[in-house]
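One structure follows; several queries about it will come next.
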Amino acid sequence: MEIRGPEPIGCKNCRTTGSLGANGTWAACVSRRFRTVHLSSNDVELAPALHLHEVSKRYGARWALVRVSLTVRRGTALLLTGHNGSGKTTLLRVLATAVRPSSGKVEILGLDAALEPERVRAQVGLLSHAHYVYEDLSGLENLLVLARLLREPGSAATEALERLGLSPKDDRPVRTYSAGMRRRLALARLFLKRPAVALLDEPFVELDPTGVAELEARIRELRSAGTTLVLATHHIEQGLQLCTDRLHLEQGRSIAA
Amino acid sequence: MSTLTLVLAAVGEGRIRGGWEYVWTAYGIAWAGISLYALSLWARWPREERK
Amino acid sequence: MRRPGLLASTWVLFRKDLLLEWRSRARVNALLFFSLATLLLFSFALGPDTALLRRNAGGYLWLALLLASVLALGESFRVERENATLEGLRLVPVNARAIFLAKAVANAVLLAGLGGLLVPVLVALLDVRIVLPVGQLLGLILLGCLAIAAPGTLYGAIASHARARDVLLPLLLFPILIPALVAAAKGTALVFEGDPMGQFPSWVALLTSFDLIYWGLGVLLFPRVVEE
Amino acid sequence: MSKPVRIGFVLFAIALLVSGAWIGLAWAPPDREMGHVQRIMYMHVPAAWMALLSATMNFGACVSYLWKASWKKDAFAEATAEVGLLFGTIAILLGAIWGRPTWGVYWAWDPRLTTMAILLVAYAGYLALRRFVDDPDRRAVWSAVVGIIIAVDVPVVYFSVKWWKSLHQVQSTPRTVDPQMVIALRWNAFAFLAVLIVFLVTRYRIALAARMRETTVPDAPAGAREAVAS
């Protein structure tokens, strides 16, 4: 079936995205005044995975992101590079709706992150420095809490653990885990959720070479399942092997590379 | 007799005589509070607007 | 994608919070001994006049619970801060009201349990007699702990992400808890001393309205607190 | 407001305050019961009124901020809390000084004074919270939540303290006193209102300038462009 999108009006705020309308037509009509988002299913399906318009974020006296604009199509794997403190983590956290940008507009899969954070969050998975796991619970218990909140069966939690090479029978608390095991558990959370957009913040640190190889295989699995990927890392070679595009950040400003 | 006992005695009679020291202290505190706060506002006034 | 409803999520999170408390029961035990120590300290600070101590027993109970509550609330949010799990829950996504209800109920249960354990200690240590039915005392303790837990959870979430959080939580919490403290301590004193004037119901009414107001405000405002 | 108007209003407030002090100290007659000590009321009562007015405005600003966020509301909330704390402190100190010759003690656990004292500690906590949170958005939302909770607590605190212990009998509103005293009280109330307005406006502008400093986005660097990954 031929999909005919609506008129290519693009993002209300920026004309640049209008050019996207030429081949992949999408439109998001956002009425801030009534706090509603009018999107036809076609629009949502055709909207880019991620769209940022002039996004800035300030922490205390420091600007972590300065007017970053970015559009990422679906199925893309974007490599995010930059020095420490260049804003990679902040960018990922903004995309995950973990922090609200100080100014600017974020759209994930055609949904306005400021207006519909819940719907955005249901589609996005963030692998962050903080692993979102309870230290006093075992790996399985942690995943079971998540599975219940996602209405997944308990077997899904077991499966996710096994897929990452962790034993569901291991009832030690996470407090006793090594750094590599924690990272695997955090990834198991991501696999349990199966998000449409996966945001990975430095996934390779603290992993031994076998761990890195395994992780690469898992990331390829995500890619082949059509997941849109944003990968922030200092391991540029590994990143370039996995990703199709690259964005370089310097002092919170985007330098497309 | 000290002022204090005088005042306390007056309370017993239901009528307070004197008590100006309390009045002066009260007005002093009110005025000092207001003036000190005004001073602090002046000190905190943003410099680019003070010109 | 279908999500569990408010009550279902609350139930999942409540069980998680209780499990966490059970796993860290060494800390819960420490909390119990902390409140026992405060009871002892009150007795020592106010001298060996047993009649005076007995008369003040209700106040001691609630001061001990109030001091313990600050530690318990701080701890319940320290656990969440350790790996940013509160943010993790938010990103699942979980209804923020479920997070509030689960945490506040779990804290209230913990404090009420602590209160229940302190009563026999008061009886033994200060020679307190429970004049009114014990059920009334337990109900009062539950109401009082609910009163501490609702604003405590709201403020705990705020203070845990601020600087100087250990000072900030009691500074924010204690002033607004004064009505609850007054009602709970007076009511408890009536339980211990007898209630010839029939004042007990009015203190319970005050405590209940405090509970209703702050649980309502908590449910209403907590989403805004965690959203930032 | 233009600058001459502002300066004029400040001078007007000072004139009201000075004349109010003269009226309170010299012109108004001494009270039959309380003698000259009654003159403290001309400062105490308006200060308490201004504190309550500030608290009410703070509540309004907090609710309004959560309804629809704006830095102006946040700045106004900050101003009302601080100025309210100032007037509340003055009211409490004056109340205690008035209590010494009248009740024989500085602090008689009078419900209104006690409620005011609790309120002051609560607003001190509010201002401390504002100082301890660096992120402006978080600070604004969290302090708005705290402001609402404090305001809602006021009647509950008042009732609980009243039930707990009641001592305050004389209601010191203009209705129960001599006409000359009514004029003195009203004059000083307006003087304090003028001072309150001056303080609020000034403090609001200071707070708003700070917010603007905190939240202005730096310009995009030359050569920055939108990245499109496809």
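Letters A, B, C and D mark the chains in the order given here, with residues in each chain numbered from 1 onward.
Rule of thumb we're sticking to: a residue touches a chain if its C-beta (ideal position, glycine included) is under 8 Å from a C-beta of that chain, and two chains touch if they have at least 3 such contacts.
Computed from a predicted structure; not experimentally measured.
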Problem - Centroid comparison with chain B (C-alpha atoms), farthest chain - result: A
Problem - Centre-to-centre distance between chain D and chain A (centres being mean Cα positions), rounded to whole Å - result: 46
Practice task
Return the distance between the CA-based centres of chain A and chain C, expressed in whole Å.
Solution key: 38
Fill in the blank from the handout: Distance in whole angstrom between the CA centres of chain C and chain D is 31
Practice task
Quick one: report the Å distance separating chain A from chain B, using the average Cα coordinate of each chain.
Solution key: 61
Exercise for the section: Check each residue of chain A and list the ones that touch at least two other chains. Expected result: 100
Practice task
Provide the list of chain D residues touching at least two other chains, using ranges where the numbers run on.
Solution key: 134-135, 137
Problem - Set of chain B residues in contact with two or more other chains - result: none
Handout entry: Inter-chain touch pairs (all)
Key = A-C, A-D, B-D, C-D
Exercise for the section: Note which residues of chain B are touching chain D in the complex, please. Expected result: 7-8, 10-11, 14-20, 22-23, 25-27, 29-31, 33-34, 37-38, 41, 44-46, 48-49
Practice task
Provide the residue numbers of chain D that touch chain B in the complex, in ascending order.
Solution key: 17, 21, 24-25, 32-37, 39-40, 43-44, 47, 83, 86, 89-90, 93-94, 97-98, 100-102, 104, 195, 199, 202-203, 205-206, 209-210, 213
Exercise for the section: Spell out the residues on chain C that touch chain D in their complex, using ranges where they run on. Expected result: 151, 154-155, 158-159, 161-165, 167-168, 171-172, 174-176, 178-179, 182-183, 186, 202, 206, 209-210, 213-214, 217, 221, 224-225, 227-228
Problem - Partner chain D, residues of chain A touching it in the complex - result: 14, 16, 20, 54, 56, 58-61, 63, 66-67, 69-73, 76, 78, 100, 102-103, 244-245, 247, 253-256
Fill in the blank from the handout: Touching chain C in the complex, chain D uses residues 66, 118-119, 121-122, 124-126, 128-129, 132-135, 137-138, 141-142, 144-146, 148-150, 152-153, 156-157, 159-161, 163-164
